[in-house]
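A quick write-up on the structure given underneath.
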Amino acid sequence: MSTDTVSNATSTPDVEQPWAELGLKPDEYQRIRDILGRRPTSCELAMYSVMWSEHCSYKSSKVHLKRFGEIPQETPAGKMLAGIGENAGVIDIGEGYAVTFKVESHNHPSYVEPYQGAATGVGGIVRDIIAMGARPVAVMDPLRFGPLDAPDTKRVLPGIVSGIGGYGNSLGLPNIGGEVVFDPTYLGNPLVNALCVGVMRHEDLHLANATGVGNQMILYGAKTGGDGIGGVSVLASETFAEGGPTKRPAVQVGDPFMEKLLIECTLELFAANVVEGIQDLGGGGLSCATSELASAGDGGMRVSLDKVPLRDASLSPEEILMSESQERMMACVTPENVEAFLKICEKWDVQADVIGEVTDTGRLEIDWHGERVVDVLPETVAHEGPVYHRPYERPSWQDELQADGAEKLPRASSGAELRDTLLKLIASPNLCDKSWVTDQYDRYVLGNSVLAQPEDSGMIRVDETSGLGVAVSTDCNGRFAKLDPYTGAKLALAESFRNVATTGARPVAVTDCLNFGSPEDPAVMWQFTEAIRGLVDGCKELGIPVTGGNVSFYNQTGETAILPTPVVGVLGVIDDVTRRTPIGFTAEMEGHQLYLLGE
Amino acid sequence: MKIGVVTFPGSLDDVDARRAAAVAGAEAVALWHGDADLHGVDAVVLPGGFSYGDYLRAGAISRFAPVMETIIKRAGEGMPVLGICNGFQVLCESHLLPGALIKNHHRKFVCKDQALRIENNSTAWTSDYDANHEITIVLKNQDGSYVADEATLDRLEGEGRVVARYLGNPNGSYRDIAGITNERGNVVGLMPHPEHAVETLTGPTTDGLGFFTSVLKAVVAS
Amino acid sequence: MARVVVDVMLKPEILDPQGKAVHGAFGRLGFDGVADVRQGKRFEITLDGEATEERVAEIRKAADTLLANPVIEDYTLHVETGQ
Amino acid sequence: MARVVVDVMLKPEILDPQGKAVHGAFGRLGFDGVADVRQGKRFEITLDGEATEERVAEIRKAADTLLANPVIEDYTLHVETGQ
């Protein structure tokens, strides 16, 4: 197949393009044509289709997420140094330190291939944190599964738990908390949410942008393979006929060793002050990194795609743009610093290649062996995707559901019945001891885990001298959220807030992972908007902002959506971790008095 | 008194080992796998982690690092060397210690507070413990099961070279072995992590500190 | 007693971090001229009796469902003869 | 391009937890008549050129020092012909 260049696209306006196969709607394809004033090249089509997907563009949720902006953008501890829109939110915690934290989902990949799906979920969130300039210091993993005794849970759960452990343990990040919850609605759609916390000095904060004409764009980390580009392969389908099909794996395999090198290498690059802007490559791969870095910058960007080191030489330029190969980062570096940059990468055995530079054209221009295959305004790819106002409506069954109150259930009427009920409760998978999961996670590495399982919040010491630390908890009760998404979201927030507060830390900021069914279902969309309304109101009442998060839609099996699951993570600050309050009743507490607070 | 801690690509508990050395009163020195120079240290710790991802066999690739050549030579001359977890695996792969470490018998990573009995308190790293001292420190690993042939195991037992034994075998190690030493008692390999039990705030106990205070005395005495 | 061997390898298009690490070590140790290394698993299955056709078919079924993960791995199976 | 295959297995006297687990799973899934399962590693090494005698000797050296740990493992090596 000959390369579909920009001039070719201009001279062949009527070529049929596989936009529908790439998930674009007719009006979206027309909009791309309007933006460009011509048909897109196949590379441009690939970029737009990926960046305008639900996952990258938040097209169904954008209008609602905006409401988080109504919450005052101050935390009780101080300024927010970066908020929604950056790779992760950053909060000033005093003494010159800042923390960044974020939770993200990797639900669908974890169903297809539990071990690798969960592992690469951890990998992705950790790269978000390092891209901010922070050292990752802890991870957490809110999980949801179908019934414990269902056959598919036996396939899914062990893989997911060992994937999270396998990746996090190999990175040397303590796992300081999470959730393990079972409900039938998650049977065909488990939830794997991963949270990472990072710490940095204020001056180390790095934002994702490419500025400064002549600055060099360096791609570093793993080589690019055909990972996760399933649908885009239609663009290269003619290559298949010629050279025999090179299969494009839908599943990505994580390489935690590579990621550990990437962490240490990146932190050394920051410390050496040789990076201007930086971005991790996650969903959307190079399409996302190039268009987002360029549109956040003040100029344009030119990239030679043939300079991208490949694991599979048969990849087409469209596929290289789409590849979601893990463990890659992209940095903007001044020409003087390129040599020092490459040297640090070499020390860590990390491949690094200059693949482009910042220009003054304001355009994102991508070449393939000297021919121009992309020429677009980067904002149109990164930020001007479609925005949907999806219909939403309180479902007709909501009243009936709410009327079915717990007070109608039979009560235990004897001591023996009460005993049975209690035993049933504490033996239930949702309430029982979770050490069968958490013992597979390293909670000690880095030597700063002040609280981890079975505590209500994890707590990490940030400064060994002053004792400054942070506490984080994640919570959500999906059954509450189904009964009343507004109150359910508030309850998730309140529970997480309480869990942090009871350790002695002061809650200061929120991250959230909104796991819902299909946004095309008005009932689900209603749950979603209600949950956001609940979070916004709750945050206003508590005086803490939402600093970032993630939306995961289409979590459903056939027509059955999962329980609405707005997982809330709250972060708190504690001046002196030696004054933390652990849970439980230990021998040294003998003689202490017990109080019940609240109504 | 300087204790060097080697960082291999994929080392994870190197910072913790340095912290533990400092808590014990030593000066901790970071050593780099690619640098054969030991920078004047008096003892070396090979820390825990997943060097080179443990993708081939735990410790198999690290043992070829330039720094290991010097360490092997100096260990032969009597310098104290402690390999913790992945470090123990590197020592076995380097043939500084006999036997090998294979996957836990339950095949899972395990992280728990583990009780041990110190069986040899005459090594460079265990002299601060009493004979048969029972301690609880952190165990966390994937490939922690110590194996060797019967003759080797008999020899280790006969020569008193089993340094520590598990109380309740967590991983299928032959004869409950948690740690061993070489003939001379200067090289010790230990699967559990003493460096994670040096302060009560972040560890289960402070029982691990003895390894680091022991070596201070050993170095001063020599 | 017969032996059936099942060799399981990651599909060629899937990243093989283990093979990559070994390949890297080859380079550092001075073993040159190696274009690629892939690391997989080998199962040696000893049967109680003969490797009849049905028995081998059974093992093949086990390879499909248990020994290999068809999402990311391929396998080959052969009966080992004469040792 | 030639391919050298190195198969590494734990020595028979060393307990093989993975093989044992697979054996157990065979039983639970109703695959009977399996006497033993051992799990090892398979390395497929692709050479840049021909598998000359010296090149294969080099790989053998790599197998001795790197790919297998002689304390617990044995290996076999063969050059794969005609694919």
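A, B, C and D label the chains in the order they appear, each numbered from 1.
Please note the rule applied: contacts are C-beta pairs under 8 Å (C-beta built on N, C-alpha and C of every residue); 3 or more make two chains touch, one makes a residue touch a chain.
Chain by chain, the UniProt names read as follows: B = Phosphoribosylformylglycinamidine synthase subunit PurQ; C, D = Phosphoribosylformylglycinamidine synthase subunit PurS.
Small disclaimer: the values here were computed from a predicted structure and weren't measured.
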item	value
Comparison of A-B and A-C by number of C-beta pairs in contact, larger one	A-B
Where chain A and chain C are represented by their mean Cα positions, the distance between them in whole Å	35
Between chain C and chain D, centroid-to-centroid distance (C-alpha), Å	8
Distance between the centres, which are taken as Cα means, of chain D and chain A, whole angstrom	39
Shared-contact residues (touching 2 or more other chains) in chain A	255-257, 349
Interface hub residues of chain D, defined as touching at least two other chains	66-67
Where chain B touches two or more other chains at once, by residue number	52-53, 55-56, 61, 64
Chains touching one another, given as label pairs in label order	A-B, A-C, B-C, B-D, C-D
Chain C - residues contacting chain A, complex	10-11, 13-17, 20-21, 24, 69, 71-72
Chain C - residues contacting chain B, complex	17-18, 20-22, 24-25, 28-29, 39
Contact footprint of chain C on chain A as seen in their complex	112-113, 116, 222, 225-227, 246-249, 251-258, 311-312, 325-326, 349
Residue numbers on chain C that touch chain D, as the complex places them	1, 7-9, 19, 22, 25-26, 29, 31, 33-49, 55, 58-59, 61-62, 65-67
Chain B - residues contacting chain C, complex	52-53, 55-56, 61, 64
